[in-house]
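First subunit A sits with subunit B, and in the next complex the same chain sits with subunit C.
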Partner chain A sequence: MLRSIIILTSMMLVLTAFVGMIINRRNLIVMLLCVEMIFLSANINFVYFSRFHQHVHGQVMALMIIVVAAAESAVALALMVLMYRQYHTVDSSKLVNIRG
Partner chain B sequence: MIVPAIATISMLMILFANAVILLNHPVKSVLSLIACFLCASILWLIFGAEYLALVLIFLYVGAVMTLFLFMVMMMNVDSYTPDEQFTTKFSVMILTLTILVPCAIYGLSQLSNPSMISTDIASVKLSSKNESFTLFSSVLYQDYFWVIQIVGLILAVPIVLAAGIVKQGANTHVKQQKSSEQLAVRSNQRLTLVDTKQVRKKSC
Partner chain C sequence: MQLIKILTISSVCWPLAAGLLTGLFVKSHRLAHRLCVLGMLLSFLSIIWLCIQFMSGSQQAIVVDLMQWSSLPNLNAKIGLCFDAFAIMMCLMVSAVALLIHIYSIGYMQDDIGYVRFFSLISLFSFAMLFLIATNNLIGLFLGWESISLFSYFLIGFYYYKNRAAEANFKAFLINRFGDCAFCLGLALLIYHCKSTAYADVYANINLLANTSLNIFNNPVQLTTLIGCLFFIGAMSKSAQIPLHIWLPDSMEGPTPVSALLHAATMVTAGVYLLARFGSMIEFSAGLKLVITVIGATGALFLGMMALCEADIKRIIAFSTLSQLGYMMVAIGLGAYHIAIFHLIMHAFFKACLFMAAGSVIVGLHHEQNIFKMGGLWSSMPITGLCFFLSALSLSGIPPFSGFYSKDLILSVAQASTPASFLGYYVYDAILLGCLVTPLYIFRVYWTVFCGPENHQHGEVCESPWTIRFPMTILAILSIGAGALTLPFFVGPDALNIVPALPDTSAITRLNQFINKIVTGGLLIHALREPALAFSIGGVVLSWIIYKRKPQWTTRHQTWLAIPEYILRNQYGFDWVYNNIIVTFFSGCARTCQKVGEQYLINRTIENRVSQNIVIGAEKFSRVQTSYLNRYFAIMSVALAGLIGISLFYSGIL
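Now for the complex of A and B:
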């Protein structure tokens, strides 16, 4: 029962993130938030199954995912600041400079 | 007792996740994601992963999400007008979930094997919190010592890189004194004073 709840929760988080990426495809901030949600759902699974199998290795993996997600957020936010300086918007449809 | 609590927190988490994608204002979306992370940290506390729950609150909610919030607030996000209305967003979401939720239910029905239910976490005797924390620390700094060092490097390099990217972009908008260009200037490039009266006489 509990395992079903956790798997369903993480599955719903991933689905919500994918749907959010589709319906907010012009807004880079919300797209980045959706990526964070996908990382969170993966972490929930790692932590739950590490507890389920009585191994701590899953928690170590979750810690690494948190660190990588934080680094990814830092770089993505820096790029977004650059984009805002240049285009005065975070609309992804404005990024057409290298279109052939 | 533990199962209804986890189910409630999970439902709250899904609710906040939906708020992230449905709210039009990015500041509200970031705040909803913070609430989602807080629900996840409560779940991890229940599972006995106290260290990760604290890391999630301190590192993620306290640092990364605050950074998100500052960045979104500093940008002029009010000018962003979404191309799709709320009803369109909601209908797309319902359509997608209608397709994907039956797949999820089918997958969960495959999990309901009686031999596997008995080993569910509710029937597992929970170890004491100190024991879990000690075990995690020892595994982290014995088995995964070099991995942790590499992860620290992975965290440090992009932060320096991000600072460099932002600083490089800032230089194009700031007027700076360049001594090399000042020394390379020639006399004909300097400012020349023109007597306008004489110029007018010549033109007449």
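Now for the complex of A and C:
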């Protein structure tokens, strides 16, 4: 029972993130949040299965993912700051330079 | 031993070092000529030292191995230097003339914008020529041969901004390429059959080559004949024999020191050198020898005659070079290889001197080359005039100047050993008439330029600086005395050793005995009995009458002189044939290729169809780039889901 609740939670989290990513067409910060959510759902899985298999590697992996996610969001936020300086907006629909 | 090795290498490599240093790093004019003259001087001194060592020692060839060129099995490919009597003689001549011309160029090229480039190139050329002569293997021969073509190309086109120079440049290189092609084939055959690149192995295998034959169009051809023919074609292009001579007159577009060094004294003699070097191979083929003799004799007479209608002083001397090269070829063809070398060396001295005197006149008259716009220069340029006079006498073969010895020997040999057939008589008569023509054209220049009325508009003409006068004087002295001095080396029982590995046939022995006999009996006494000397002196007198005493003679006989003049001015139509048949044919081929290949195949098919379709496709495909991040993401997630699905399906889980 606990297993299915946890796996369902993580699935819901991923799906929410995907939907948020696809239907939101402008706001870059929301996109970043969605990406972080995908990371989190993966983390939940790791921690749960580490407990399930009685093995510590999964939790170590989760810690590492948190670090990587932090670094990744730092880079993404920095890019957004730069973009704001350039275009005075964080609207992704304004990035049309490579449109074919 | 170690000293000898160092000397041998230094005799060749100083000009290379000087030329490279000058070309790459030097900017100042003074440093450039100092470096190059120093390099040439060191090389000259080393060669003199080697010569002394050689003469005082056991007269064994000095051989130094430099490197292993390649390490193929069954092929001995070492590169080395070898100073035997032949190489030392040639190297002495080349380095002496090159040194004098380096000094001459200081005066002649003064204030030229390409001064440093000129010195670098001429030093590198000297290196290439010395290397060609001193090397002891076919690879070195090939390297030297090709590099003198290359430097000749650079030097003819020295004034590359002049259209005529660029064209002459191209012509010379193209014709030399044709000859080099045959030369390379000959080299390849030789290396293939001797399994070695060393001269010594080639000489050792000559009999084997003579007994091997190759089928060409189902006719067995002796290998010595075949290789000899290929080498002769190479020599024809380099030594400007009919019909590949047309590049030499045009190459006079280069600066005068270049004409003196490359196109009179050294580079054009490379062909004669090659044939003499492999005289032992040519000796096997009587037919080839006859061809060489006939071509040489034809050139000696008819190419010399072209000088009679030319007005450009340098081109006149160039035609004279063609004629003298013909004499050398005759000597080669008759088997008198050492006499050919004798004439080659004497010719280098007086021809370089003639060119230097011509250059001095050209400098004095501010680059005027038409002899009819000169005249009366004797009073203002006495030293130049004297040098020109002396070397012209030497060229004409008047005793006791050096040209007399070599030319008279060639004529005596021709008289004694030309076959008693039509061709034999033709050869002898042609070179005999050549003796009449030579003084006629060279003294025509002399009387017109130095004597006679003044025709130039340059006011006060003064003598050239010492850098021009000094080398000219030295060469004039050499063209007076070198013949008598070096005669003992070229006749006598040891003379045949000059040409390496000559077979011991009766014809050659007989020839040498004949030469010894006429020399010991007094060459002058022999010459007085022969028509050749009378022809030479008659030529001088005749030219004095025609061009000095009665200059109106040519105008009075204009009507019947018009036809030969037309023929000579058009140079027997060689240029016409080349331009209208060969050039037209090949440019027609090129134009067809351009039309079919480029315009039709490439432009129409590839450019119009393929490239346009690519452009259209790319435009369509670029619509994928919508720049909506969420669409990218959707595509990515669908693709990811698909991939996971496929992998699960194939691993049997789904």
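Criterion: the second predicted complex is superposed on the first by the 97 of 100 C-alpha atoms of A that agree within 3 Å, B and C clash if a C-alpha of one lies under 4 Å from a C-alpha of the other, contacts with A are read in each partner's own complex, and residues count from 1 in each chain.
One rule holds for everything that comes next: contacts are C-beta pairs under 8 Å (C-beta built on N, C-alpha and C of every residue); 3 or more make two chains touch, one makes a residue touch a chain.
Remember, predicted model here, so these are calculated numbers, not experimental data.
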{"item": "Which of subunit B and subunit C A:N97 touches, first, second, both or neither", "value": "second"}
{"item": "Touched partner set for A:V75, first subunit B, second subunit C, both or neither", "value": "first"}
{"item": "Which superposed partner A:I6 touches (first subunit B, second subunit C, both, neither)", "value": "first"}
{"item": "Which superposed partner A:I22 touches (first subunit B, second subunit C, both, neither)", "value": "both"}
{"item": "In the superposition, subunit B vs subunit C on subunit A residues touched", "value": "B"}
{"item": "Contacts of A:V56 with subunit B and subunit C, given as first, second, both or neither", "value": "first"}
{"item": "Residues on subunit A lying within both footprints (that of subunit B and that of subunit C)", "value": "18, 22-24"}
{"item": "Interfacial residue positions of subunit B with respect to subunit A in the complex", "value": "2-3, 6-7, 10, 13-14, 17-18, 20-21, 26, 29-30, 33, 36-37, 40, 43-44, 47-49, 51-52, 55-56, 59-60, 63-64, 67-68, 71-72, 75-77, 79-80, 82-84, 88-89, 92-93, 96-97, 100-101, 104, 107-108, 111-112, 117, 119-122, 124, 132, 135-136, 139-140, 143-144, 147, 151-152, 154-155, 157-159, 161-163, 165-166, 169-170, 173"}
{"item": "Residue numbers on subunit C that touch subunit A, as the complex places them", "value": "619, 621-630, 633-634, 637"}
{"item": "Subunit A residues touching subunit C - in the complex, by the definition given at the top", "value": "18, 21-25, 28, 31, 92-93, 95-100"}
{"item": "Interface residues, subunit A side, partner subunit B - complex", "value": "1-9, 11-13, 15-20, 22-24, 26-27, 29-30, 32-34, 36-37, 40, 43-44, 47-48, 50-52, 54, 56-57, 59-60, 62-64, 66-75, 77-82, 84-86, 88-91"}
